[in-house]
Structure formats: structure tokens, C-alpha cells
Amino acid sequence: MSSVLDTASIRGQFPILNREVHGQPLVYLDHAASSQKPIAVIEAQREYLSHYHSNVHRGVHALSQQATDAFERARSTVQYHIGAAHLEEIIWVAGATDGINLVSQAWGREHIEAGDLILITRMEHHANIVPWQMLAKEKGAKVEAVNILADGTLDEKDFQKKLKLNPKMVAFMHVSNTLGTINDAQRLTKMAKAARATVLIDGSQALPHMMVDVAELDCDFYVFSGHKAYGPTGIGVLYGRKSILEAMNPWRGGGEMIDVVSLEHGTTYAELPHKFEAGTPHISGAVALGVALQWLTGVGVKSVMEHETVLSAQARHQLGKIDGLRFIGEAPSISGVVSFVVEGVHPYDIGTLLDQQGIAVRTGHHCTQPIMDHYEIPGTVRASFGAYNTLQEVDALVQGVERALKMLR
Amino acid sequence: MSSVLDTASIRGQFPILNREVHGQPLVYLDHAASSQKPIAVIEAQREYLSHYHSNVHRGVHALSQQATDAFERARSTVQYHIGAAHLEEIIWVAGATDGINLVSQAWGREHIEAGDLILITRMEHHANIVPWQMLAKEKGAKVEAVNILADGTLDEKDFQKKLKLNPKMVAFMHVSNTLGTINDAQRLTKMAKAARATVLIDGSQALPHMMVDVAELDCDFYVFSGHKAYGPTGIGVLYGRKSILEAMNPWRGGGEMIDVVSLEHGTTYAELPHKFEAGTPHISGAVALGVALQWLTGVGVKSVMEHETVLSAQARHQLGKIDGLRFIGEAPSISGVVSFVVEGVHPYDIGTLLDQQGIAVRTGHHCTQPIMDHYEIPGTVRASFGAYNTLQEVDALVQGVERALKMLR
Amino acid sequence: MNAELQTRQEEIVEEFSFYEDWMEKYEQLIEMGKELDALPEQSRLDEHLIRGCQSRVWLLASKDENESVRFQADSDAIITKGLVALMVRVLDGLPPKDIAESDLWFIEKIGLDKHLSPTRANGLNSMVLQMKRYGVAFQAR
Amino acid sequence: MNAELQTRQEEIVEEFSFYEDWMEKYEQLIEMGKELDALPEQSRLDEHLIRGCQSRVWLLASKDENESVRFQADSDAIITKGLVALMVRVLDGLPPKDIAESDLWFIEKIGLDKHLSPTRANGLNSMVLQMKRYGVAFQAR
């Protein structure tokens, strides 16, 4: 099997991959928790802070204008990257979690009433569960979850059935961080829209790995985090359909999001996108996220996905030979995430012994406890791949697991 | 007048100060909007992203543990810096605006009822006005503002009077970003607490310039932004009294902030501080903010304040000689912020012509429209000083203003 | 393109070519601002304000007997007023269609293009957009 | 300090000094985990769970006829179970006061201190804290 990517050249752009852990070369297989950053991104942030940082908007001086230009350019990079029709549909948030909370609170408080239904799925990340539970509790609404089948695909029949209950909001993930399942987001959105629901897609695990086009998806909201997409921490994106955002009340109040503030006559709000961006934004983060998306486009999102598919297929092929090992998540359409458990062995033990061999995997519930309940397991070992991973690292993983199991059982 | 700081050595640590603007050396006098960053901070962020980035908490692998250690160490740096009694009283937020919104929404929705009074002041930044207006509107509560006197000091008699109306929340700024006024936060808090109010202090303009001790202040909440305190963008701190935070419901839902998530049995929340930190935090920002505070301590906060006082006194002395120039904010206790207007000249015109001379000041309402209403002005020209500014730069400012005025009138 | 519009732009470029540094350019803008008649108080209505300026800019348009668009403008900041005066000088009295479709190449030529970004505090971008919108509107009627 | 506690720590340090690399250390921990008796199902109650472990750790304590503290522990992960077994071996049967005030220097000596940070997934820190809390509690009674 040969790779579609020049991984040597890619790896050379990730300084962290040169380091050792416990005296072993680092094998970083925890991309789904957070990606590592290419030099271009790290340098964009350094460059920004070293040479043209200033507060943005309304500044009369040159630095402020430069910072504003870079900041707004990054917004349009995001716009083109995800195919949004309008620049002002791109709202900077702190991350996917922040974005979903913005929607659940600003949109949710206005539209969800007692007795209403919010439909999610059993494979959601806590970020796409808890905000809806909190909203439902406040409003006396209900949250229902669509079932998943044994192989980790979404139960579309159950989805259809639950759509008949007329949910006001349907919120689901594009790609699962635990199972690897790639949902057919376009189809699901179409079905949900046919049932007149508003649709939010959690794209945290999709955007770093595949082409995302919100116009094609036709969803109302789409969120993702920068730090999982080769970008910095503390920044993410909420895409919202213009007509919906315009009708929505703001969430956070403060500077930037106002038009006129008066103690006597009340306050009026700014136009999109600023209405939803109260306070000084994470300027360096936005600028660097723009660079990360450009970097990803440069490498080629499609090639990255192909590459990751090769790696995970190989990992599944080799790990599958291990006695007592069971994959959690074997959907036909699957991303570069490989979750597994081993009969009679706790995932934590495997993770600890892999770590000692320099191999970074994640163990536990991956912020998806309902999946753990569904499969009745305490957690999984999860290896997840990015553009910089190699087939050699897959071999290291497999050998590492074998060695760990030899010690453990 | 000689300075208490070795500004040459300090300036050497700020790469941006080497640059030119419109062919002139940059004179950056916009610290109150956002501070520039020393190399130590920029490098801390680069170093973090280059060598030990990973998602924090619960990670079984070494990188995750290193990132978590650095992240939590930064939290304790903040704790010691502001004299908080408990580590878990330090909540990472995206900035001051985010922190005030957290309090107004999480604390406010629980405690503010119809008819209740929220007391702010007429000098507040929009960040400490709009969230309370939004809350009051939702709850049918009232927002009242304490008057300011002609010189820009808070009208303590009016404060006393309005405290008699039994406000549930008293929210005020420690130092004004427009007037420079330093409020006697400890006294005001004592008065407000005697009236049994909960007290929030907006320390955005205090923390970068003076010693802040929340134990001494005895306030319930204290917020500030990293980017104004030599730190990066996208990160800030909410200090909250432990007993109050413990009793508060969370605001954002998602990963990290939960204990158990169940679709069937509902969700229980994590302990402090994580209950308020949903989602992947701005790890590199927190780490670098810790470094920024250490840097500030290294330089000496007291010396910085003395230095800035010398600069602003000199600026006031020289600018005061200009015909038709009037200071907005002349409180006896005043920070390194100098706001002024010139008879018959629009602040924007002055700002534009200063910019052409390489001098970066801010013009406009500085997100404090009620102050503009109070003084019946469209805005001010504001010069604000930081540790890296010099007396030469004060001279440049004064000459720049004179030159601009020669052209404008 | 409208020949008159071309000539006016060429004239302005010619004028500005004499100024070597920013100071002279701004002096010229300030001069133009001072020369533009102030709007009477009753025309300084909020409904004529242009969004996105740190200073206030009022812009009014009407159609005269020749079906041409006549602009009136003012600002409380003199540099902004100079900018809007410049725009009025270029577009005033032209037919709506030519305004709507105008290519304002002189802005770049005289080095004001860096002021054109929508995020600039001076609102030059908003002025241009608003004037073209008037052009479109008067065409439609 | 309690002499028995000193001796036990010295013994463990002695034992671990034979192991050169991490693998042998972990093998030893795993061994200790396997040797520790499993708790009966009815004792594996949520109220005995220690917070802050990715795996589940149950820790029970009681006082025997000599006023000494007796610990019982279990975990569903074997390495964690080894860690808790190690802690039980060091502290089991000591007087409450000596547990409450114990200086557990062996942890650093055998290189487990990096596991002591409160943010570690293994919960060693929580185990130590919980055992000392039992010490304090039994003293008080």
C-alpha cells in the first residue's frame, strides 16, 4: 500500500513530531482529540503577535487596520472553505462547544417551548448533548436520541420515525469522534428539513478530514473547532444561515456587538456577524485558523482523507488479527478513527503501556458516554489519524498493542 | 523626570516596537485597547504549540499530561497573582466580556427576578452594561447607573443613595478605560456588601497596571482579559468566590464540565473549576497568559504603575497647554489613560493625522457611549500607556497633536 | 463609460499628482472639506447617516430636471467631509445609470484605496456603496 | 514517623531498584495488581469509588480491634489496581494518626511521582488523599 501524500515532507512541517516521549520517538495518534500544528500556523500566530497585533475594528490607526484586515480575511477564507453564501454567516466562536451553546441559548431560548422536541443521536459528543439537555430542562422540552446500529451506523429508520414527532431542532454530528462513522449529512439534513426542523451539524471531526460545503448540505448551522483542524486553540467557527442569524437575538453582550448603547433609551445591536461577536475577538487565533485551512487546502483535503483511510484500513486489518480485540464502530463509511476494546483488559491499561512506548492514543469515553452505555463498555482505546501519520506508525501501534497485551494478560 | 523602569531593555523585548508605520517609527499609545506582547509571551505560545500541544485532562499519554500540567500551572500563576484563596476559583474564559456574560447569565438568571435592581455606573464599558441590560430585559429587572462627577470620579453620594434601593448585583469597573479614573474598589465593595449586594468588578484596565488582590477587595467576582495584560488574545479570567461558584449552575454545556452524561438519567456536572469550562480550553492562551503575568511581576507591577503615572502626568502637563484642548477625565486618582477633545475639531481627524505620523491612538467612544452622552461629546482622542512607552513618545504625541491641529483649524 | 466621469477623475488624479507626501494630500482633503457647503441642520437627519463611519456622514440625493442625480453631503469630521466632497465632485450631476455602473479608478490612483476597505473607520467604502445605491434606485423609478 | 511505615517503604524501594526500565516496573505493578484480592461484588459500591480515575477504583477502610486502619481496594484496570495495592501494602494496619501524617517518600524514590499530579488519569493522587482522609476520620472518632 502506498500513500497519496508525501508524508515525509508533511512531517517535516510539524516540529512536535521530532520529539521523544519516554525515550521513544513520539507516535501521535490522538488527532481526534486535537491535531498538531504545522509551522505555517505556529508562525502565522507568532508573526501576527510580533508585527501587527492591535485591537480590531473602528481603530483609526494603521496597526488596527492591518489587524482588522487580517482578521476579516481569515473570515473570508473560512467562508470559501465551507462554501458559505455570505461572509457574515461566519461567526467566530471559541470552539465547537461554544458554537453549539450559542445556538442552543440564543436560538434555542427563542424557539424552543414546553413540550417541544429536540432530536439528537446516541453517538453525539457531550458538546452536542448537554447544551440541549440544559435548554430542555429550562423550557420543559424533551431531548430524544436516534439509535445506532451494532456497527455504529445511525439507525435511519429510527431517525425517520422520530422525525415524525416533529422535532424543532435536529442536531447531529457529521463524523463520529469515537466510532469513526461518517453520517450522510446531506441526506439526513434533507430528511430533517422535510420535517420542517432546524438543523445543526457538528462538523468537528469532519472539517479536518473532508470537503465540507454548507450550501450543498443545506443545513442551518454548522460548527467546528480550529484546534482539531491544524489550527490554534481557543477559536472555532459557527456557520449560520443568514436569515436565521438575522432573526436571532444576540447571546453575549458587550463591545463590538452593539450599535447604540444608552442607559436611558436602551441598546440596539450591530449587524451580522458582529452581533454575535461581543468583546475583543481571538484575533491571532482567527488569523492562524485561516492559515491552517489554507494549509489543508494546499495539501489537499481529498488526499488527506484518502491517506487517512489507507492508514485506518491498515490498522483495522492488523489489529483485527489480535485475539479478543473488538472494534467499536465498523460503519461502511468510516473516517480515520479506530476505536477498540480487548476482552478482559481495561482500555486504560493498554493506553498506559502504549504511552510508555511513545505511542499517544486516547482511552476512555471520549466525551461520548451514551455510546459507552450503548455498547456496555467502560471506554475504548482510540487511535486517530491525521495527514502526518504513516504506515510505520500503524505498525508501531499494532506492535505496541501486542506488547501491552502480552504484559496484561 | 526620570523613569523607574529600564525602558530600553523593556522595549527590546517587544518586537513590534521596531516597526514603522507610514514610514515613521511606531509610537504605540493604544495600550488600553490591547497591549503589545513581549517575546517571552509570544515564545511561550510558539513553544507550547511546537513541542507539547495536546488536548488536556483525562489524557493517558505523556503529551496530554504535560499540556495539562502547563495549563493548570498557569491557573495557579493567576491564583497567586490575584491572591485568590482557592485554585478552583480561577475560571478560564475567552476574555472580560465572556466572563461578565458568564456571571450575568449563569448567576444572573438564578438570582435576578422581576423588579430586582442591578447597579452599575455611568462610566462602565459596554461589556459591563449590555449583559446586565439583556438580563434585566429577560427578567423584568432594572439597571441603574451611578452618576459620575465632572472630573470623572464616581459620585459616591449617588452610589450610597442607590445602594439604599437594595441592588442584588453591583457591577463596576476597577479602572476606567476612557477616563482613567481609578475607583476605590475596596471601599465600594465594602459599601455594596454592607447593602448585601453581590459584587462584580471589571478589572480589565486594572490588572495590567496595578496590584490586584481579590481577598483584600473582598469582591465576589473579578474579571479581566489576557490581551490587555501583555498576554495573548482569546483568553481571560473570571475569579469567583468559591461558595458562590459552587452554588451556581453551569453556563456552557459540553465536554470537560460533566461528571456523568446519560440520555436516560440526565447529566451531572463536574466540580470546580471545570464545571464552568466546557469544551477544549484555549490551552496555549492560558499557558502564555501565565507567562505574561510572570513577566509583569518580573518587571514589577508597582514600577510599571509609577512609570505610567509619570508618562501620563507629563502628557497632561504638555497637552494642557494646547489652546482649546480639554481633558475628559481628571480624577485625582488616575491611571495611564489620557482622553481629550479639542474645541471645534473632531477626534477622528486628530487620530487620522496622528496615525500618519506613526502615532497610534484610539478615537471614538471606546465602548463607553454613556460617558460620551454624559459629556455630550462624539468621542475622545485617547492615548494610553504601558510599560514600554517613553517620555520621548509623550513628546512625539504632543508635537503630533500640535501639527494635526495646525492643519485642522 | 460616461466621458464627464472620466474627465473628472483625470482632473483629480492630475491635481493630486502634485502632492508628494501624505501631509499635502490630507491638507488638500481638508481644504475640500472646508469648501463643501455645510448641510442645513434640518437635513442632518439620522435617516441620511451612512453606516460604518466613526464620524457622522450625511448623504442626500435627488433627481434634477435633467434626470441627473444631485448629491448633498456633510460630515462632522473634516477629513471625512473632504472624502465625501471628493466623491460628490466626481459623481454629482451624472445620470443614475452611470453612477450605478461607475468604475472609480481614481481612488486607487491617488492612493486612497487603502481607505476603501469596509472595515475602515472613515467609511469611504460605505459612501461609494451608498452613492451607487442611489444610482440604482433612481434608475429604477 | 512510624517505624513500620519506614521499613515498608524501604522494602519497596529496594524491590523496585532491581527494575531497570519502565517495562519491568509496570510488570511488577501488574503483578501486584493481580495478587490483590478482588473485592466481592457487594462491596464494589459507587460510594466507595475514588474520583478522578479513568478506571474505577474502590477503596474501603475499617478499624480493627487494635485501633489500626485496615484497607481493602480494587480496580477494574490492572495497573491502577497495582498502584492501589502498593498503597495498601504501605499503609494497611497502621494507626490512623500515622496514616494521616505519613510522608510517602517512596513514591518519588521509585519514580512514580510523575503519576502524583492531581490531573493524572490514574488517580494515584486521589488514592493517597482518600487514604489520609480515612486516617484523619478514624483519629477523630
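Letters are used for the chains, namely A, B, C and D, taken in the order the chains are written, and counting of residues starts over at 1 for each.
Criterion: a contact is a pair of C-beta atoms (placed from the backbone, for glycine too) under 8 Å apart; a residue touches a chain by one contact, two chains touch by 3 or more.
Everything quoted here is computed from the prediction, not taken from an experiment.
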item: Reference chain C; chain at largest CA-centroid distance; value: D
item: Pair exhibiting more inter-chain C-beta contacts, A-D or A-C; value: A-D
item: Chain A and chain D: spacing of chain centres that average the CA atoms, whole Å; value: 39
item: Distance from the mean Cα position of chain D to that of chain B, given in whole angstrom; value: 46
item: Separation of chain A from chain B, taking each centre as the mean of its C-alpha atoms, in whole Å; value: 31
item: Touching two or more other chains - residues of chain A; value: 22, 58-60, 348, 352, 363-364
item: Numbers and ranges of chain D residues touching at least 2 other chains; value: 54, 121
item: Touching residues on chain C, where the partner in the complex is chain B; value: 22-23, 26-27, 30, 54-56, 76-80, 121-122
item: Complex interface listing, chain A residues touching chain B; value: 15-16, 19, 21-22, 26, 28, 30, 33-34, 36-37, 41-42, 45-46, 49-55, 58-64, 94-98, 100-101, 104-105, 122, 125-127, 129-131, 133-134, 143, 145, 225, 227, 232-235, 250-258, 260-264, 266-267, 278-285, 348, 351-352, 354-355, 359-364, 367, 369-370, 373
item: Contact footprint of chain C on chain B as seen in their complex; value: 22, 345-346, 348-349, 352-353, 356, 363-364, 378-379, 407-408
item: List of chain D residues in touch with chain B within their complex; value: 54, 114, 117-121
item: Parts of chain B lying in touch with chain D, wherever the complex brings them together; value: 56-60, 65, 68-69, 72
